[in-house]
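As written, the chain order gives the labels A, B and C, with residue 1 at the start of each chain.
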C-alpha cells in the first residue's frame, strides 16, 4: 500500500538553486502534489508551491515532472514504478520566484494585448441567438484552464527568451481562433494574430497539444485553422480576387479590422 | 549540442544545467522519422533521376504519372507536351507531390522536429540560438500549401485514372499465361495501386487546407449545413492525417518498387485473373 | 491621484508580481475608491460594476487571477430566463429558493436574485461567454435539485470556468488593476468623527512577503467560503474564511453560520481526492443513487415537505426526464440537505460501498456518448484520478463539505455590512440562501449582488467628496506586527499539524449530523487549538513561504470554526444544512430567527445572539399559501 517515494525537488530562487532529495512516504491513489504536500507538512514547511483546487480545474499547480510539463495534482504516482526517482522542477520557461513557483506574468501581459470580444446589439427581445454547432469550436478552446503548460513547453519562447516580446503563445492563439470563429464577433483580428501575436513563429510542432491537460487540440483545431484564415487574408490572391468581385460567401461580412 | 543562454538556462529561470530532464526515450520518434524520411528521399531521388523502368504495362509508377516528357511507349496517357525535356520525366511533375508534402502541416512538424531539431522533442532544448519560425523567407512560403493541395487533387484524380488503366489486359511481353493479353486483368500490381490511391486520397482529403476550404473557414456552420457535414467528415479524417501521410508514403514507394521490379524483369506480376 | 496610479517600481505592471522579490525598503501604498478583496465571480463582478460606475478600482486576490474557487463550479447558473420553460419566471424561482432555504432566507435578497439573475447571465454573453444552446439558439438551461423548472444556464459541466474567464477577460479589457497573490490580513477603520468607517486594508505579497497598504473608503469582501476547516471538502486551500474573519474583526456580524452545506456527492476514493465534488448534473442528467444491496433508496427518504412534488414510484421518476409536465421529480433531485442526510443514513446502516460511500450510477442509464458529451469533466476526473470509467461502472460517492450559507450580515439592496464602507458579497455574505442553498443559486448570487455591491460602494465613495477616512499609522504598525508574529515564536508547533487536527476535529464533531455533546467537545477543542496556534512557529523567510501563509490563515479558520460550532450548538432544531440528532425536526419558533455572531470585546472569541428574521411583505407571502 504505502512506500517511500524517491522524490527530488528543485529548491532555490532566481539567484540559484538545485535539485534536492526528499524521500517521502506515499500511499495508493496519490498524486505528485500529495507527495509535495507531505514534504511541506513534515520536512520543509517553507517549500513554495502553487496550487488551488487539487482537481485539475484551476491550472495552478503546473510544474515539470521528470522533465515533462504536468499538473502536479493530475500526475498519479501509479504511473511510475515504485523505485523510480521522480524529479519535480518549476516550469523552465518562466522566471523562477521560489522553489516550484514561477513568475507567469508573461501570460497575463499577453492577455492584455488581445482585443476583446465585440458583439453587435442584441436581438429585439433582449436575447442573443447562436446555434450550438456555431459555438462548439469556441467551446473547446474555452475549456482552457490557463495552466500555461503549453506556453511553457513551446520552444519558441522556451528556447528563445528574446522571442517573448513578439510571440503570444498557444494559449492566446486559442483566444484568437475562438474569437475569429465566434458567430457574432464583429472584429477581424487576423492581421493582429499574424503580426503582433506572432502566429507565424509557430512551426506547428505540436508540443502545446501534447501537454495540454484539457486535451484541447490546440494545433489542429486552433493554430492551423488560424494560419489558414490568415492565409485567406494575407497570402491568397484567389481569395482576395473572389472577395473583390463578390463571388466569395458573405460569412465574414460586417467585421472590421482591429 | 550545447544549450545557450537564450533558452532554458536564461538568467532568471530556475537554474538547471541539463537541456532536458526527460528520462523516457524521447529521441526515438525523431530518430525513426529521420531514418525513414531520409531513406525515402534517397530512394525517391534515385528513382526520379533514373528516367527508366517506370512503366510495366499496364502499370505506371506514381513517380512518373502523368508522364508528360519523352516517355516510354504507353506510359503517356495525357500526351507528351514536354517531350523536349532532356531529363527524367518524373522531374516535370514531381514538384507537385513534393511541394504538397513539403508544405504539409504534418510533414512540417515531422521534419522540423527530426531534421531541424526545432525542437527535437517536447521539453528538450533545441540547439539553435535564433529562431523566427515561419515568418521569414523561405519558410513563409509554407503558406502556399493550399495551392499544392489544389494540385494534389488533380494528381489524385490522375492516379485514380491510372488505377483504372491498371485493369487493362497485359501486353504480350509481360504475359505469363494464356489469355492474359485479353479481357479485364487484375494482378498484385493493380491491388497495390488501389491501396496506394486510397491512401493518397485519404491523405489528400484529410489535409488541413482541405478542411479549411470545405467549411473550416466559415463562421456560421448553421447557415451552411452541407459544408458543415463535409467539414465534419474531413475533420474526422484529419484526426489521422499523420497516419495517412505515412501510409501513403510507403504505398507510393511500394508501387514504384513493384513497377521497377516488373520493368527490370526481376519478378513477374502475380495474376488474380 | 499621484500616489496610486500604476503599480510600484519593480512590480509587474499587470500582475503585480514583485519581480524583485527581495527588494528592501518601505511599504507599498496605493489609493483607490473601491478595493475589492477576492477575484472570484463575486469580486470580479463587483469590480466591473465599480469601474463602470466610475470608481478607481483595485482587485486583490490571494491566488492568481482566474484561479478563484468559482472556477470549480460545474453545474450552472440559476436564472429564470424561461428559455426551456416559458412558464418559468422570477416568482417561481423566488419560491424555490425560499423553500430550498427552509424559509430562513432574507426574502429581499432571494427576490432581487430571482429578478435580476436573467439579465446578469445575458450580460456574460455580451462579454463573450459561450453557453450551451437550445435548438432555437437561446441559452440552454438544465435541471437541478430543488428547481421546479430546468433553469441552470450552463456550459457542459464547467460553467464556473466559463463564468470566471468571461469576467476576468472583461476586467482585463476594462483595464482594472489587479493585485495577484496578495493576501489581505486587516481592514483599517477611522473612528475620528465618532462613527467608525472603513479607511483601507492591509495586505502582503505572497511572492516577496512585503506589505501593502490600500487607502480606500470602500472595501468589498468577496473572499468565498470556509470549507477548508473540514477534512472532507470540495473546497480549495483558499477557503479559510478570511472575509468572514476580516469582517468580524472590523466589527461586522455574521449570520446563519450554523448552516454548512454538505454536498451529497463527493468522491470517496482514492483517499487523496476524498471530498472532490461530483456534480449534481449527474443526477440532473439521469444518474441515480443505489446502496450496496442495489436498492434505489431515495424513495424511502422523501420528506413530508416535498411529498407533493416528488415522484414516489420508479416509473414516474424515470418518466420525468422526458415528460416533466405529467410526472413529478425523481427523489434524487431533492434539495442537497435531504439527499446528503439520506446517504449518510444508508452508510451508517451498513449499506455502504467498500470505500464507505454509496453508488451513483449513470452508466446503466445513459449511453456512453451521452455521458461523455454532457459530463466531460466528470468523465475525465474519474478516469484520471480513480481509474473508473463512469460510462461503464457506477461511481462511489459520499457527502462532502461544500458551501457555507452563513456569512457577513448585509443590507439586501447594497450588500453593506454593519460597518460603513465595508461590503460583502458572494459566498462570504449571508442571508440569501437561508438554511440551505439550491444548486446554481450561488453563481447567480455572485453576479446579482456583485453588481449591486460594486455600484453601492462607488456611490458611497463618491458621496464622501474630499473628506475621506484616514488610515491611522498606529494601526498599520499593529497590522504589520501581527502579520509577522509567527516568525517571532520559538520552539512552537508547525501550522500544518494544527490545521490538519482542526480539520479532523470539525469533520468529526461539527459535521453533517450534530449533537450537543459533540458540539461541546468541539468548542473545547477549538479553545485548545487557539492555545496551540498562539505558539506556532514557521521556518524560513518571508518570500513565498506557504508555512507562514498558513499560519496567518489558520487564525481565520479558528475563529470561523468557533462561529460554526457555537451557532450549531445554539440552534436546537434541524433545518437545511444544520441537522441535530438530538433535535431531529424543524421547530416553528426557530424558523423565525437568525443567529448572529460577533467578535467578543477582547477579540479572543465570539459572542452570539438571536435576531428575528426580516418580515416578508404580504404580497410575497402569497406564494407560500
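In this section, a residue touches a chain if its C-beta (ideal position, glycine included) is under 8 Å from a C-beta of that chain, and two chains touch if they have at least 3 such contacts.
The UniProt protein names, listed by chain, are A = Succinate dehydrogenase/fumarate reductase iron-sulfur subunit; B = Succinate dehydrogenase.
All values derive from a computational prediction rather than experimental measurement.
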State the chain with the largest centre-to-centre distance from chain B (Succinate dehydrogenase), centres being mean CA positions.
C
Innermost chain, taking as reference the mean of every protein Cα atom displayed
A
Averaged-CA centre spacing for the pair chain C and chain A, given as whole angstrom:
28
Separation of chain A from chain B (Succinate dehydrogenase), taking each centre as the mean of its C-alpha atoms, in whole Å:
32
If you average the CA atoms of chain B (Succinate dehydrogenase) and of chain C, how many Å lie between those two points?
57
For chain A, give me the residues that contact two or more of the other chains.
14, 95, 131, 182
Under the touch definition given earlier, write down the residues of chain C that touch chain A in their complex.
12-15, 17, 19, 21, 63-67, 69, 71-72, 81, 83, 122, 125-128, 130-133, 136-139, 155-156, 158, 161-162, 165, 169-170, 172-173, 180, 207, 236-238, 269-273, 276-277, 377, 380-381, 384-386, 494-497, 500, 538-541, 543-548
For chain A, which residues count as touching chain B (Succinate dehydrogenase) in their complex?
10, 12, 14, 16-19, 64, 66-69, 87, 89-90, 92-96, 102, 131, 133-134, 153, 155-156, 158-163, 180-183, 198, 200-207, 210-211, 220, 224-225, 227-232, 234-236, 249, 251-252
Would you tell me which residues of chain A are touching chain C in their complex?
13-14, 27-31, 34, 40-42, 44-60, 74, 76, 95, 97-99, 101, 103-105, 108-109, 111-112, 116-117, 119, 122, 126-132, 135, 138-139, 142-146, 179, 182, 215
Using the touch definition up top, name the residues of chain B (Succinate dehydrogenase) that touch chain A in the complex.
6-8, 10, 12-16, 20-24, 105, 108-109, 112-113, 118-119, 122-126, 128, 130-135, 139-140, 143-146, 208-209, 211-212, 216-224, 228, 238-239
